[in-house]
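Once you scroll down, you'll see the structures, which are given as C-alpha cells.
One chain, chain A, links the two complexes that follow: it is found with chain B in the first and with chain C in the second.
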Partner chain A sequence: MNLLPLIVVFPMFVAIIFNYLNGKDKLIRPMAFLMALLLLVLPFIGNYGIYNFGAHGLESGLASGISYIYSPMKQLIITVLMLIGSLVLITGLDEKKSSGLTVALMLMGLASVSAVILADDLFNIYVFYEIAAIAQTGLVIASGTEKAYRSAFRYLLLGNFAGSILLLGVAFLLSATGTLNISDMHNFLINNPVTPTIYGGLLMIIIGLCYDSGLPPFHTVKADIYARAKPFIAAMLQTYSKFVLVALMLVIFKIFGGLSYFTNAHGALIAISILGMVFGVVMALLQTDYRKLLAYHAISQGGYVAAGIALGTPLGIVAGIFHAINHVIYKSALFIGAHLVERKKVGNLNALGGLLPVIPTTALMVLCAKLAISGVPPFNGFQSKLLLAEAAMNVNMPELAIIMIMVSIGTFVSMMKAFYLIYLKPCSEDQLNEYKKVKPSKFGIFSLAVLTVLCILLGVYPNLATDLIYPFANEFGRMWTL
Partner chain B sequence: MTQKREIAVALSFVFFGSAIIYSLLNINVVGGVNYIYTQNYVVPNLVTAVLFDWRAFDTLGECMILVTSVLVTGMVFGRGLFGFEFLKDTYEKEQVKTTDTEDEFTSLVKVLAMPFSIILMALGISIILGGHITPGGGFQGGSLIAASYILSIVAFGCKSPIKFKHHFLEKLESFGALLFMSLGFLGILASGYYLLNLTSFSGYPLFFGPLGLENTGIIPYLNIAVGLKVLAGLSTITFLLTGEKVVKDYIIGK
Partner chain C sequence: MDLQLASFITAGILIVIGLYGTFFVDNVIKKIIALSALGNGVNLTLIAIGYTGGIVPIKAQEMELALFSMSASYPLPQALVLTNIVIEASMLAIMLGLSIVFYKKYKTLKSSELLKDD
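On to the complex of A and B.
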C-alpha cells in the first residue's frame, strides 16, 4: 500500500486537532513531543514513482488528475524538512506558554511545503503555496509584539499581490497548454510554437518564486518576518522558504528547460540570485540587531541556492540542492542559538557581552554553525560552496565564483563580529550574575547539538547527501557553457 | 527621493500592466485535459465532478487555506499568542463606547432582514445537498449560510436572533475538515488511492441515488463536509470581526 499522501494529509489532520486543543497546556506538550517523533517516520512511508490521486492516471495521453512524483532526492529534502520541524517542535516545548495554535500552524506549514515539493501539478502547487504563506504570517504574529504585527501585515499585503500574480500565471499556462500537469506541459511546449501568453506565465511564476523565497525585490519583507518572529520559529520559517525556493525553481526548469526562448529568463534568474546574495550580505553587515543580521544572512544564502539551481547544469543543481540542505541545518542552529541567548532577556547586540563563561557549550556549537555558514572546512557549508564555485567555473562564469567567495568573506566578517559582541566582549560582574540566574533550556541545547553533529557529519561525508541527488541531477540538468 | 521612487513604482506598474494585457490579448485557449473532463460522465454537475472527483485533492487544499486563514484571524485577535502586551495596550487605550442603542437600524430593516436570513439559510442548505445534480455545491451553499448569518448580525448587532456560539462554530469547522480528510482515507483503505470516488465500501453502497447517478459515490458527503467547513469558517471570521468582547476574553482569560 502506497501511503505517500499521508506525508501531506497526516500533519494537516493533526494540526486541526492541535488547534482544537489550544489552551490545554498539559495535553499539548506530550502530544507535540509525540508528533515530533512521528514526523521523522513520515518521509519513509511512501513508495518511489508516480502517485495519482483518486486513481485518475493517464487518459487519452494526458494526466487527468493530480499526481505526485516521489524520488530519493525528494525523500532526502522531506527528511531534512521534517527533521528541522521536529527539532523546532522540541525546542518549543519549554516555552512558558505552550500554544496549540503555533504547533498547528507549524504542522500546516510542514504539510504544505512537502506538498509543494512533491506535487507534479501546477495548480496544486499554487494552493499549497498559499497555505504556506498564510501559515508563515500566523507564525510571525504569534510572538505578539507590535513589530511582529506590522511586518506580518506587510508580508500578507504583498502575499496577496504575489499570490494573485502566481495564480494568473498558472491560468495563462493552463490556457496556453491545456493542462496543469508539469510533465505534460513541458511536452506540449516542446512540440508547439511559443505565444506571448507563455512568456506572461513564466514572468508571473518567477514573481511568485521571488516572493516566497525572499529573493529581490521581496528581500526586505522576508527578512523582516524572520527577524520579528520568535527565533526558534524563524528557524522553521527560513526552512520553509528555502525548500519552496528549491521546489519552484525545479518546476520552472522542468516546464521550460531546454526550450530555445528560455535563455533570457535563465539569465534573469541568475541575475536575481546574484542580487539576493549581495543585497543580503550588505544589509547584514549594517545591522545591530542580532536577529536581523541572521535574517539577512538567510536571504543571502537563499541567493546561493538560487544561483546553483539557476545554472541548470547537473553539478549546479546538485550544489544548489545540497546547499539548501546545508543552509537549513546551520541556519536553524544559529536561530536556535539566538533563541537560547534571547532567554537572557536581551536583543540588541551592543547591550550583550561576556556570555562565553555562562553558556560555553552553546557558544562552541554556535561557533561551529558560524564557521559552517562562512564556508570553513570541515563543516558542511564548505562542501556545498566548493561545489557551487566549481559549477560556476564549469559553465565559464568565473565572475560568479568570485562574487560567491566575496559574499562568503562578508558573511564571515559579520558572523565573527556578532560572535565577539555576544560571547567575548567584556562585561560587568552584575550583568554576569544576572545572566547566570536564567537557566538554559535543555531542549534547545539538544536540538542545537543534533544540528551541529549534522553540520560536521555532512562536512566530512558530503556523499551521504550528494549521492542521492546526483542521479536526479544527471537526468534533469543540461550541460552548457558560456 | 520620494518623487524618484514614485516614478520607479509608476514605471514598474506600467511594465507589468502592459505585460499582463499583452499576454491576455494573445490568449489562444487549448482544450487539452478539458476534453477528458467533459467526455467522461461522473455526475450531472460537471463543475462538481471536476472539483470533487478529478481534482478533489485541490479542493482539500482550498479548504485548508480557509482553515489556516481562520486560525490566523483568531491569532490576530489574541488567540494563542506568546505575549499580550501589545494587544492589551491597544485595547485599553481605545475605549470604544458601545453605541448599540443610538445607531440602530430602523425596524423596517429588521423586519426584512429576519425572513431574508431564514430564506437564504434554507437555500444554502438545499444548494449544499443538491451540489452533485444542480449548479452549486459545498462552497457556494456554505457561503450563502454564512451570508445569512452576517446579514442578521449587521441588522441586529449583538442581539442577533441567529446566534452561533464561538466554540460551536470552531467544532463545526474542525468536524468539516476532518470529515473531508477521513473520507479520503476510505479510498486508501479500499484501493490505495487517496480521495478515490468510491461507489461502495466492502459491499455496502455508499450513496443511495436514483438510477443514472451510480457514479456519485462520496461526492455528496464531500459536499456536506465542505459546506460545514465554509459556513463555520466564514462565520467565525465575521464573529471575530464583530466582537471586541472576544478579544478581551482572550486577553483577560490568560
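On to the complex of A and C.
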C-alpha cells in the first residue's frame, strides 16, 4: 500500500492536535518527543513513482487531480528535512514553557515544505508555499519580542505581494497551456511556440522563488526573520527556505528546461545567485550580533545552492542539491550552538567571551560546523563546494568558481572572528562565574552532536548522498557551455 | 465591451492600485487594503481566464455531456480562486492582528515608524 500522502497529511493533522493542547506543558513534552521519533519514519512510508489522487486521476493521458512524484532524491531531501525537524523538536524540550502552538507551526511548516517538494502541479505548490510562509511568520511571532513582530509584519507584507505575483505567474502559465500539471505543461511548451504570456509567467515564478528562498532583492527581510526568531527555531526556518529553493528551482527547470528561450533565464538565475552569495557574506562580515551574522550566512549559502542548480548541468544540479543538504545540516548545528550560547544570557558578540572552559564540548562541535560552512576538509561543506566549483568550470565559467572561493574565504574569516569573540576572548572572573550558573541543555547538546557527526560523515563519504542524486540529475540536467 | 476583456482591464487596475498602495502608502492598514486589492486583481485574472462566455460549470441532469463540455466555463481557475481567498484571508488576518498590537504599543499606524530597520 502506498502511504505517500501521509508525509503531508500526518504532520498537518498532528499540528491541529498540538494547537488545541497549547498551554498543557506536561502533555506537550512527551507528545513532542514521540512526534520527533515518528517524523523520522515518515520519509520511508511511500513508494517511489507517481501518485495521483483526487478528481479523476489520469484522463486521456492528462492528470486531472493532484500528482505527487517520489524518487530516491526526494526521499533523501525529505529525510533530512524531517531529521532537522525532529532535532529541533528535541532541542525545544528544554524550553521552560513548552508551547503547543510553536510545535503546531513547526509541523505545519514541515508538512507544507514536504508538499512543495512532492507536488507535480503548480497550484498545489502555490498553496503549500503560502502555508509555509504563514507557518514561518507564526514561528517568528512566537519568540514574543517587539522586533520579532516588526520582522514578521515586514515578511508577511512582502510575502503577500510575492505570493500574489507567483499566483499571477501560475495564472499566466495556465492561460497559455491550459493545465497546471508540471509534466503536462512542459510537454505543451516543447510542442508549441512561445508567447509573451509564457515569458511573464516565468518572470513571476522567479520573483516568487526569490522571496521564499531569501535571494535578492528579498534577502534582508529573510535574514531579519532568521535573526529575530529563537535560534533553534531559526534552524528550522532556514531548512524550510533551502528546500523550497531547491523545489522551486527544479520546478522552473522541469517546466522550461531544454527550451531555447530559457537560456537567458539561466543567466538571470545565476546572476541573482551571485548577488545572494556576495551580499550575504558582505553583510555577515559587518555584523556584531551573532544571530544576524548566522542569518546573513544562510542567505549567502542559499546563493551557492541556487548557483549550482541554475547551471542546469547534471553536475551542477547534484552540487546544488548536495550543498542544500549540507547547508541545512551545518547551519542547523550553528543555530543550535547559538541557542546553547544564548542560554548563558548573552547575544551580542561584543558582550561575549571566555565560553570555551564553560562549554568545551559545544565549542568543539560548533567549530566543526564553522569549518564545514567555510568549506574546510574533511567536512561536508568542502565536498559540496568542490563539486560546485567543478560544475562552474565544466560550463566554462571560471569566474563563478572564483567568486565561490572568495565568498568561502569571507565566510571563514567571519566565522573565525565569531568563534574567537564567543569562546576564546578573555573575560572577567565574575562573568565566567555568571556563565557557569546556567545549567547546560542536554537535548541541545544531543542535537548538536548528531548534526556534527553528519557533517563529518558526509564529508568523508559524500557518496552516501550524491549516489542518490546523480540518477535524477543525469535525467534532468542538460550539458551546455558558454 | 467584451466581458472577458473588461474583467482583464479591471483586474489590471486593481493590481496596479494594489502594487502602488503596498509600496508607497505610509499606513499599515492602507497597505493591508492595497494587498487585498492586489489579491482580488489576481483572483479576477484567474476567473477571467476560465470564462469562455458560456454557462456556469454545473451540469444539469437533463443536459447532454457534449453540449455541456462545449459551453461551460473552465472550472479549474474557480477552484483555485476559492482556495486563494482562504489563504489570503488568513494572511491578512495575521497582519491585522499585528497592526492592533502595533497600535496599542506605539499609538501610530505609520509604516515609516513601525517598520523601520532596527
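A few notes on this one:
Convention: the second predicted complex is superposed on the first by the 480 of 482 C-alpha atoms of A that agree within 3 Å, B and C clash if a C-alpha of one lies under 4 Å from a C-alpha of the other, contacts with A are read in each partner's own complex, and residues count from 1 in each chain.
Following the convention adopted for this analysis, contacts are C-beta pairs under 8 Å (C-beta built on N, C-alpha and C of every residue); 3 or more make two chains touch, one makes a residue touch a chain.
Remember, it's a predicted structure, so these values are computed and weren't measured experimentally.
After overlaying the two complexes on the shared chain, residue contacts for A:S164 are found with chain C alone; chain B is out of touch. In the superposition on chain A, contact of A:R154 is made with chain C only, not with chain B.
Looking at the shared chain after the overlay, A:E146 reaches both chain B and chain C. The partner of chain A that touches more of its residues, comparing chain B with chain C, is B. After overlaying the two complexes on the shared chain, residue contacts for A:N187 are found with neither chain B nor chain C.
Looking at the shared chain after the overlay, A:L105 reaches chain B, while chain C stays out of its contact range. Of the two partner chains placed by the overlay, chain B and chain C both lie in contact with A:E130.
Look at A:Q75: by the touch rule set out above, it reaches neither chain B nor chain C. Residues 123, 127, 130-131, 134, 137-138, 141, 146, 149, 168, 175, 180 of chain A lie in contact with chain B in one complex and with chain C in the other. Per the touch definition, chain A reaches chain C in the complex via residues 123, 127, 130-131, 133-134, 137-138, 141, 146-147, 149-150, 152-154, 156-157, 159-161, 163-164, 167-168, 170-171, 174-175, 180, 220. For chain C in complex with chain A, the touching residues are 15, 18-19, 22, 28, 31, 35, 38-39, 41-42, 45-46, 49, 76-77, 80, 83-84, 87-88, 90-92, 94-95, 98-99, 101-102, 105, 114-115, 117-118.
Of all the residues in chain B, the ones that touch chain A in their complex are 19-20, 22-37, 40, 53-58, 60-62, 64-65, 67-69, 71-72, 74-76, 79-87, 170-171, 174, 177-178, 181, 184-185, 187-188, 191-197, 254. By the touch criterion given at the top, residues 1-3, 5, 9, 12-13, 16-17, 19-20, 22-23, 52-56, 59-60, 62-66, 95, 97, 99-102, 104-105, 108, 112, 115, 123-124, 127-128, 130-131, 134-135, 137-138, 141-146, 149, 168, 172, 175-181, 184, 188, 195-197, 199-201, 203, 230 of chain A touch chain B in their complex.
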